[in-house]
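Each of the two complexes below includes chain A, the first together with chain B, the second together with chain C.
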Partner chain A sequence: MSTRTDTPDGLPGPGGDQLTYVYAVGREGPALHGLAARLPGVDGRPLHAVGADGLCALVSLVPADTFSEQGLAAQMEDLARLETLARSHHAVVDAAFAETPVLPMRLATVYLDDARVAGMLVRRRGEFEDLLGRLEGHVELGMKVYADPRTADTPAPAAVASSGAGAGRAYLERRRATRRRDQDAYRAASDVVGRAAQLTQGVVASRVVHRPQEGQLASHSGVNVANEAYLVPRARTEELRRALTALADGVPGVSVEVTGPWAPYSFATAPPAEHPDGGEGR
Partner chain B sequence: MSDSLAGRLPAPPRGSTPAYGQQGSSANLADILERVLDKGVVIAGDIQINLLDIELLTIKLRLLVASVDKAKEMGIDWWEHDPSLSSRARPARESEARPGSDALAEENERLRAELDRLRSAAGLPGAAGPQEQPAPAEREEER
Partner chain C sequence: MSADLVGGVLGPSEPREGPPVALIDLLDRLLNGGAVLTGDLVLSIADVDLVHINLRAVIRSITGEEPAPW
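Let's look at the complex of A and B:
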């Protein structure tokens, strides 16, 4: 096997006090080596490229205490730290993907040293080549559909109540109007989801359904009724983005958010056969 | 621990790396976490959070991004101790709480009551801590 490692100057080589953090895997070539020379990694750590058998991993040396099993678990428990780590990881993947096809690794994929990464590349060469081949020329677009009845262009419930009727009756009318407006918005939103399915059919190579975002981090107003990812031929990215965004035009109480292009995170999951424990592909 | 750790870490490298499309450093954290934690190629590295922790983390992520109610019921509330998150997550929502939006006000009240209840029961076990198992020195990949 041919192994090539560019360890940055001025850094101690792989040893007991450092581990190798892997961001992404692509094909061996000048693109990834060039990226490694100029991109910062997690905590500003320099990147380098580990190549083996025609594949190449973008990696950083990281402190063994912070990235040990317990160190990792602690980092994951701290949301501020998790955000820093996630954004740094994503920034590397994103910048690499802008130049050359890469497969994003899941956050916190850590090896004892560069040689172990090279060994992994050799053992998984077939799987990586398959994925790279399948994803080449494609990007991922994310699409979320929101129902937000409060933005619907229907008479405000407060206005409906000004009919001179008693307070109780006004209240009931207000409630009815609100319920009607909510139902209309949800119906319109699911209609938009259906039209998105028609629109993307025949255009996208693959589609993955994510869970709707409804938690603390879901920053958008309204209720997320659909959260999907599409694997889109690169040349059709903008066309599809415009078409998806336009789905909610003139639809009261519904909005569509298109994100991306992303590196194909949602489509880079390994074949299930490699993971008999069933931890994959959900 | 989280305060001291967060305090001495540099801010995320916003704007310091070339952005691809619009996703470089401005992408929504929920969208990023959804991808870097729940998607991407999964290979067993040498260093791993053990399976139980990964499972817990996945659950937490889902709760964080998917249902804060359920998380609180389970006593998982680590994000609440993070002022940067709460201050970032809240203003946008509060500004939308226009008077007259009954459903929202009701939900707010319900959540506050639930929160009070949980706070008063402060003796509840929090999120499970990291497992105290020693890291395997060498871990062969699964297969």
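Let's look at the complex of A and C:
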């Protein structure tokens, strides 16, 4: 086993009051070492590379107090801090992915020190090699389908008497029209999801279904009815993006949003043996 | 850490195109995706699920404040 660690100058060595935060794992080579030399990690701290047996992890040292279990829990309860952490993690993964195939780690993957990261690389080498091989030459695209009945053209309710029995009938008619419009939009959105499945079949190497997005962070005006991720051969990325985006063209009350290309976050979760068909609904 | 900073530091690399990444899309991937390691992880967060339950609780509490959109 060969282990190589580039601990940045001017920082305490591993252990003690610092922990090792892992962003991504790739193959040993100049690409990741070069990135480590010029990219910042979480909280602007310098990255370094931990290499072992042909693999290389991009890591940075983080304070033990804020990255212990309790420290992390506190960070996660603060949405602004969570966002900072997530964007820092993503900036490193994204920059690495732009240069060389990497396996992104889940947020807040923290080891006691560099030596334990190196040991992990050695023990899981076969698994990492398999995943890197499977993901190489691919990118992740995200696709979300929204039903937004309010954007559908609705026939204006008939102008009828504004008082008495006529007003009651008009109210009921408006209610019925609104319900029909909503049902139409959800049915059309479901149809778009089905056509996306047909479109991606044979093009994408794998597919993962995420939970529909909701809440304050989901800024889209519609209701998210499908939130999927595809592992796409890099050469077909733009073709697929255009085709997916076009699925909602001329469909009232439905919109499609395509995101990415992403590093293959959604496809790095488990060894291939546990995903014989390459995808898993969640 | 801003994307701008990374773009500037990258220098020779092409800056990534497109609009900034939405936090919710990022959290989908960073909290549900990414390789999950076990073993010599910091012992206190070896129970990855525990950490993520806390994270999801944050997201869900935000969800609860949102009025129905229609």
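The criterion applied here is as follows: the second predicted complex is superposed on the first by the 261 of 282 C-alpha atoms of A that agree within 3 Å, B and C clash if a C-alpha of one lies under 4 Å from a C-alpha of the other, contacts with A are read in each partner's own complex, and residues count from 1 in each chain.
Just so it is clear, contacts are C-beta pairs under 8 Å (C-beta built on N, C-alpha and C of every residue); 3 or more make two chains touch, one makes a residue touch a chain.
Being a predicted model, the structure only gives us computed values, none of them experimental.
Visitor: Under the stated touch criterion, which partner chain does A:Val223 make contact with: chain B (first), chain C (second), both, or neither?
Guide: Only chain C; A:Val223 stays clear of chain B.
Visitor: Quick check for you: in the superposed arrangement, does A:Ala95 touch first (chain B), second (chain C), both or neither?
Guide: Both partners, chain B and chain C.
Visitor: Between chain B (first) and chain C (second), which, if any, makes contact with A:Arg81: first, second, both or neither?
Guide: first
Visitor: Kindly classify A:Ala268 by the partners it touches after superposition: chain B alone (first), chain C alone (second), both, or neither?
Guide: Both partners, chain B and chain C.
Visitor: Let me test your reading of the model: by the given contact rule, A:Pro212 touches which partner, first (chain B), second (chain C), both or neither?
Guide: So A:Pro212 only meets chain B here.
Visitor: After overlaying the two complexes on chain A, where does the chain B footprint on chain A coincide with the chain C footprint?
Guide: 19, 22, 25, 39-40, 43-44, 67-70, 72-73, 76-77, 79, 82-84, 86-91, 94-95, 98, 103-112, 116, 120, 123-124, 131, 142, 150, 182, 208, 210-211, 213-219, 221, 259, 262, 265-266, 268-270.
Visitor: Please output the residues of chain C touching chain A within their complex, sorted ascending.
Guide: 1-3, 5-6, 9-11, 13-14, 16, 21-37, 39-45, 48, 50-51, 54-55, 58-60, 62-66, 69-70
Visitor: Report the residues of chain B in contact with chain A in the complex, numbered from low to high.
Guide: Residue list for chain B touching chain A: 1-2, 5-6, 9-14, 16-25, 27-43, 45-51, 53-54, 57, 62-68, 71, 78-79, 82, 84-85, 89, 92-93, 96, 98, 100-104, 127, 129-131, 133-136, 138, 141-143.
Visitor: Show which residues of chain A lie in contact with chain C when the two form their complex.
Guide: Contacts found on chain A: 19, 22, 25, 38-40, 42-44, 67-70, 72-73, 76-77, 79, 82-84, 86-91, 94-95, 98-99, 103-112, 116-117, 119-120, 123-124, 131, 140, 142, 149-150, 182, 208, 210-211, 213-219, 221-223, 227, 229, 259, 262, 265-270, 282.
Visitor: Which bits of chain A are touching chain B when the two form their complex?
Guide: On the chain A side, the touching residues are 19, 22, 25, 39-40, 43-44, 67-70, 72-74, 76-84, 86-95, 97-98, 103-112, 116, 120, 123-124, 128, 131, 142, 150, 156-158, 174-175, 178, 182, 208, 210-219, 221, 259-263, 265-266, 268-270, 274-277, 279-280.
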